[in-house]
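Below is a structure I'd like to ask you about.
Labels run A, B, C and D following the written order; every chain starts at residue 1.
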Amino acid sequence: MKANPKDVRTGVFYIDGDVAAAEGALAAGCKFLGGYPITPSTEAAEAFARRAPQVGAMFIQMEDELGSIATVMGASLSGQKAMTITSGPGFSLMMETIGFGAMLEIPFVIINIQRSGPSTGLPTRTGQADMMQARWGSHGEYEVITLSPDSPQESFDFTIKAFNLAEKYRAPVMLMSDECVGHMTEKVEIPEADKIDLEPRRLYKGPKDKYIPFKPDKDLVPPMVKAGEGYRLYLSPLSHDQRGHPLLSQKSTTRRIVDKIRLNADDIIETKEDGLDDAEVVVVSYGITSRVAYRAIEQARKSGIKVGIFRLITVWPFPDKRITELAKRVKGFVVPEINYGQIVFEVERCVHGNANVVLVPHGGGWVHNPDDILGAIKQIMKAKKRYEGIFEYKTELEKLIFGSGVQKK
Amino acid sequence: MKNVKHPMDFYLRMDRMPHIWCTGCGIGLTATAFVAAMEKAKLDTNKVCVVSGIGCTGRFAGYIKLDSFHTTHGRAIPFATGLKLANPELKVVVVSGDGDLISIGGNHFIHAARRNIDMVVICVNNFIYAMTGGQVAPTTPLTAYTTTSPYGNFEPPSNIPQIAESSGAVYVARWTALHIRRLTNSIFEALNKPGFTVVEVISPCAQYYSRINRLGDGLDMMKFYHENSQIKHWEPTDNLYIDYQKEIIVGKFVDRERPTYSESYKKWLAE
Amino acid sequence: MKQHPILSALVNAIKISGVDKNKVCVASDIFYSPQEIEPLGFDFFQTPRGRPIPFGTGLKLGNPELKVVALTGDLSTLGGNHLVHAGRRNMELVTVCINNFVYPLEPGKESAKYMFSTYSNFERPFNIPHLGRSCGAVFVARWTALHTKELSTSVAKALNKPGFSVIEVISPGGNYFPGIDSLDEESNLIKYWYEHSEIKNGEDTMNLEIESGKEIIVGEFIERERPTFIDSYNARLSEIMGDKFVPYGGKSY
Amino acid sequence: MKTNDKGVLTGTHNLSGNQACAEGALAAGCRFLSAYPIPPSIEVIERFTQRAKEVDAIFIQMEDEISVLAAVLGASWAGKKAMTVTSGPGLSLMMEHIGLGVMLETPCVIVNVQRCGPSEGIPNSPSQGDVMQARWGSHGDYEIIVIYPNSPQEMFTQTIEAFNLSEKYRTPVVILSDESLARMVEKVVIPPANKIILEPRKHYKGPKNKYLPFKYDKDLVPPMVNAGEGYKFHITGLTHDEKGYPVMNEECQELNVHRLVRKIRNYVDNITNIEEKNLSDAEIVVVSYGITSRTVDKALKQARKDGINVGSIRLITVWPFPDKEIMKLSKKVKAFIVPELNFGQILLEVQRCNYGNAKIRFVEYGHEEIQNSDPILNAIRSLTK
């Protein structure tokens, strides 16, 4: 299915990541945004609000994030592609309802423009510290899909991708952007509508009386219907069987909700590899950090170190297999993150002790200094032995603040 | 000149000056009124806590030299509830904006009023989310332009005194930022009244609200509000809706007696 | 099996009001068993606690043809804010607030009921009709669960009335939860309130406080006209954008 | 510091896990409980409120879980030891304020009686699905302490321990429980008050005018004062300097996060509390925590009878995770077995610390068969073949 020309603002624009995300949503046929203002995500909501009436979409600013995410659930069930836009604190408030969406397999998209935390933190500065929260934030067992753009162009493309994944797998999909990408203004090319492929909603085709809400197809994803079409839906967030009736066991639906992502992981996972064929050191990065990493890699290559980059486009589900493969033939992994270690734990897990893992931490507020990443790369090259656990590289900034006084874990 | 002390210095964190508020903003005036009221009330300054949420007014706590707490968005009232219940000697004042108290904090607002928890709530209403760059607020008057209502606001605004009154506040007043003396007096009365007391302050947002709607600078707006305000004490709260650039009814609307939460809790424990 | 009075009232109301059963969606944070719901012939969504109103808002805006009923028990606590703001927007919802004085999901212990009652013995109860009125609802009523006929007519009226309507239903106890076998005790409770209620249509909502030992006033209190959210949205935008603007229909384009 | 006797119900009682938790809190000197009723955590509130009068403690039922935790933080700053109790859906709503608690370094205890999720799940059946959430649930970067007892007796002692840790490191501490532990009634021995050691609040001693809310000591934990003592301090959820004033730059953010993370990570060895059973000769080690560990013990007895050298590690503090211990073990044992009441959460951590040394078997429990030790036995046997 192709995008609707009415929705797509074809052309070349000079816009920031937030606006690009909003345009992407509209191009993907998103017709509903329930939002609440929070720095640094507001530009996206503003852009959507401006364009909404022109394409027959609805923007409503709710009284809080609890409300905005709940409206998204309703709108999606009534047949619209729906999303919400927020940042860390709002994201935390949405957690309960994210679990609800996962349980009822409601397709929806959350755009999280990350900022520095915890709590209010630095509202106007960047961060990447919500990555684990995106995966584990709500109670109980569920799986999500997250995408992580590093440029306004990608914010546009990945938002469309996000909606496609949401419709395909009927799962929560999160675009984990950050303040840097959100406020970075760059050239964004929006193609013609017929160049944009959209995943149509999996609508149920069979006879009305035969409809079973949670009866999965082969790929473990059940087709769905719209509200108000006389299917007599009964949807309850209690653990349920295929008919949606409460069932005192997690073995059926809840298990499938997890499996439908885990077993389809290979189709979902998308990564970008650069110069890995001869690499001795691999920089694993995602989002804005990968742009900084490229700089460090250039410098390292200049000085004759064989470095490659492994970029996570979909951070969740995590590309376990590929990392394990790589670990067998490289010296080590450098993981720069704008946090004090989240994805690095996943890398450590998949490496199985076959290579060194060096974390380049950053408290947030700004991006890494390429020299730190370079330093970490050199660190691995000169490492004689296998480290016990993750080696936390001491960044210039850290030295500046703490000297070498504070001992490491 | 350096060592000349301003009478307000005692109540302000001079080491944090200059403050972040724009010229022509009404929050500074609210601070002035609050400090004046504090002086008048002669409370033990060690026992007074100021709690704020997030937003322009959320920074209020940061400039007042009392035990001051800057909490999360909309949660100033429950945080203050905890303070008050855990240590009943404290006098708790919540100062925050319209978006913080009425929008995301609306539930806590009505419930604290229902419980009649002993606290003073000063709500600075500037009709807009200023800190995030001028989005539509539940108090934005009809037809006013904001960044998320680019075609003019079509949602009827909240009537803060009415919500407060109908959910059980014992004292409700509204003034514009320029009614300094009356505002001071209201805050003074509120400080001395046991129970959930609400003072709404109509304040201009010179940066966003006025710029988007072309209403001149802060002082023009402040003057406008002041001149177009009509003092009607005890006006039924139904009539207190604010229309875009129209007359604003101000005054003291509610002043009644109800047992506070702590009182009824003690009574219940005694039974 | 015994059908819960509120459900039967809802079904009658749909019959009386003549709205298309298939277009009725019920968003509820109260659990009803599928055996209770499925015969009734409307779509039923159990939402997270306290969120039926925003959830219903989404349904309504996603497809304005729907008739959305928000059925809620925890409204006076978790969802109070949503009530206030949906009322302000005059979102087109029928909100049926089941006021059972307790959290029905809790074990039916007396002490528990006593302690956890929203209106626990020293806290002042919310005057829900008054709150509904002052936040802008266009139709406000209160009945006990045994006023089946009146309740159905009120819900029917609300279904046909454009705008946000609040109907409070006094229904103590928690019989609609499996595993709570307090039926007699609690149908007695309902009977008690039924007998101690007096009908005063159009009563000023100020006087509707629920106080133990006092008669409880029921009836239809408010019926007024205000433009709904979608109306005022369309009005404003066509005023600004002129004929360029396509009124919001919510059809899936 | 000893507790005041009023709170301590010295003697031997038959208590459910939830009641033991309430008793533990009272014994630890907790005098403020704020909660919103949600099964299966009710009994804690009941017990606490029944005893509230005797010890003049305060209970307030707020309008939702968001305000609940906000009130707890407020109470803690007003000088009371405060806690809240909830279950999965409630914990999800509390996430934002866990972040605030971490940022303001506010001592408080959050008890999460787990139930099957996601969303409403199965309200009245046990689960261990919130283990990762307890660590990662709030936005931004932080470390937190999570304790998971496995019997009413331990619920009592560990609740006291939780308060001590929260006071010592000035951080919110999460106690994980679950429906079956909460409802299980066992003998609980409550010692006399003078036998219970409590960590006093790390109160500031110096001169009033010199006080800086976030000026930290060597252990990276700043001393604290209470509201209403005349210090006129300011604290904010924004990134702040040691005065507690917001500072909007990278260095300050680095300083904050660095300290919030390190004040826990640097003391992992002091915090970690694990129970080891016959590891000396063990070739197979079962890593378990909470309610599942009780089933493990049954399985181990049987396996030992069959002459298989199995040992077990029980995580009493789940977070921070005992990386070192698992690493050490992974070098000398053949395999790990990880039984959990979820679809694999701590399993991931064990895999991480295993460094590819030992085999790992995951035993997935459904809440129905939690009593049944056969799945673990089968796993053990299959590994010995």
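Operating definition for what follows: a residue touches a chain if its C-beta (ideal position, glycine included) is under 8 Å from a C-beta of that chain, and two chains touch if they have at least 3 such contacts.
Small disclaimer: the values here were computed from a predicted structure and weren't measured.
The fewest steps needed to get from chain B to chain C, moving only between touching chains, is 1.
Chain pair with the most C-beta contact pairs: A-D. The mean-CA centres of chain B and chain D are about 38 angstrom from one another, to the nearest whole unit. Note on chain placement: the centre of chain A and the centre of chain D lie 29 Å apart, centres being C-alpha means.
Centroids built from CA atoms put chain C at 37 Å from chain A. Residue positions of chain B touching 2 or more other chains, listed in rising order: 54, 70, 72, 103-104, 106-107, 111, 138, 151, 265. Looking at chain A, one finds that residues 53, 63-64, 66, 89, 96, 100, 119-120, 236-238 touch two or more other chains. Residues of chain C found to touch two or more other chains are 46, 48, 77-78, 80-81, 84-85, 237, 241. Chain contact topology: the protein chains form a complete graph, every chain touching every other one.
Those residues of chain A whose C-beta lies close enough to touch chain B in the complex are 35-39, 42, 45-46, 49-50, 53, 59, 61, 63-65, 89, 119-120.
Those residues of chain D that touch chain C in the shared complex are 36-37, 39, 42, 45-46, 49-50, 61, 63-64, 89, 119-120, 123. On the side of chain B, the complex with chain D involves touching residues 13, 15-16, 45-47, 49, 51, 54, 61-62, 65-72, 75, 77-87, 89-90, 107-108, 111, 265, 269. Taken in their complex, chain C has these residues touching chain D: 46, 48-50, 77-78, 80, 103, 105-107, 109, 111-112, 115-116, 120. Those residues of chain D that touch chain B in the shared complex are 31-32, 34, 52-53, 56, 58, 60, 62-64, 66-68, 70-80, 82, 96-97, 99-100, 226-238, 243, 245-246.
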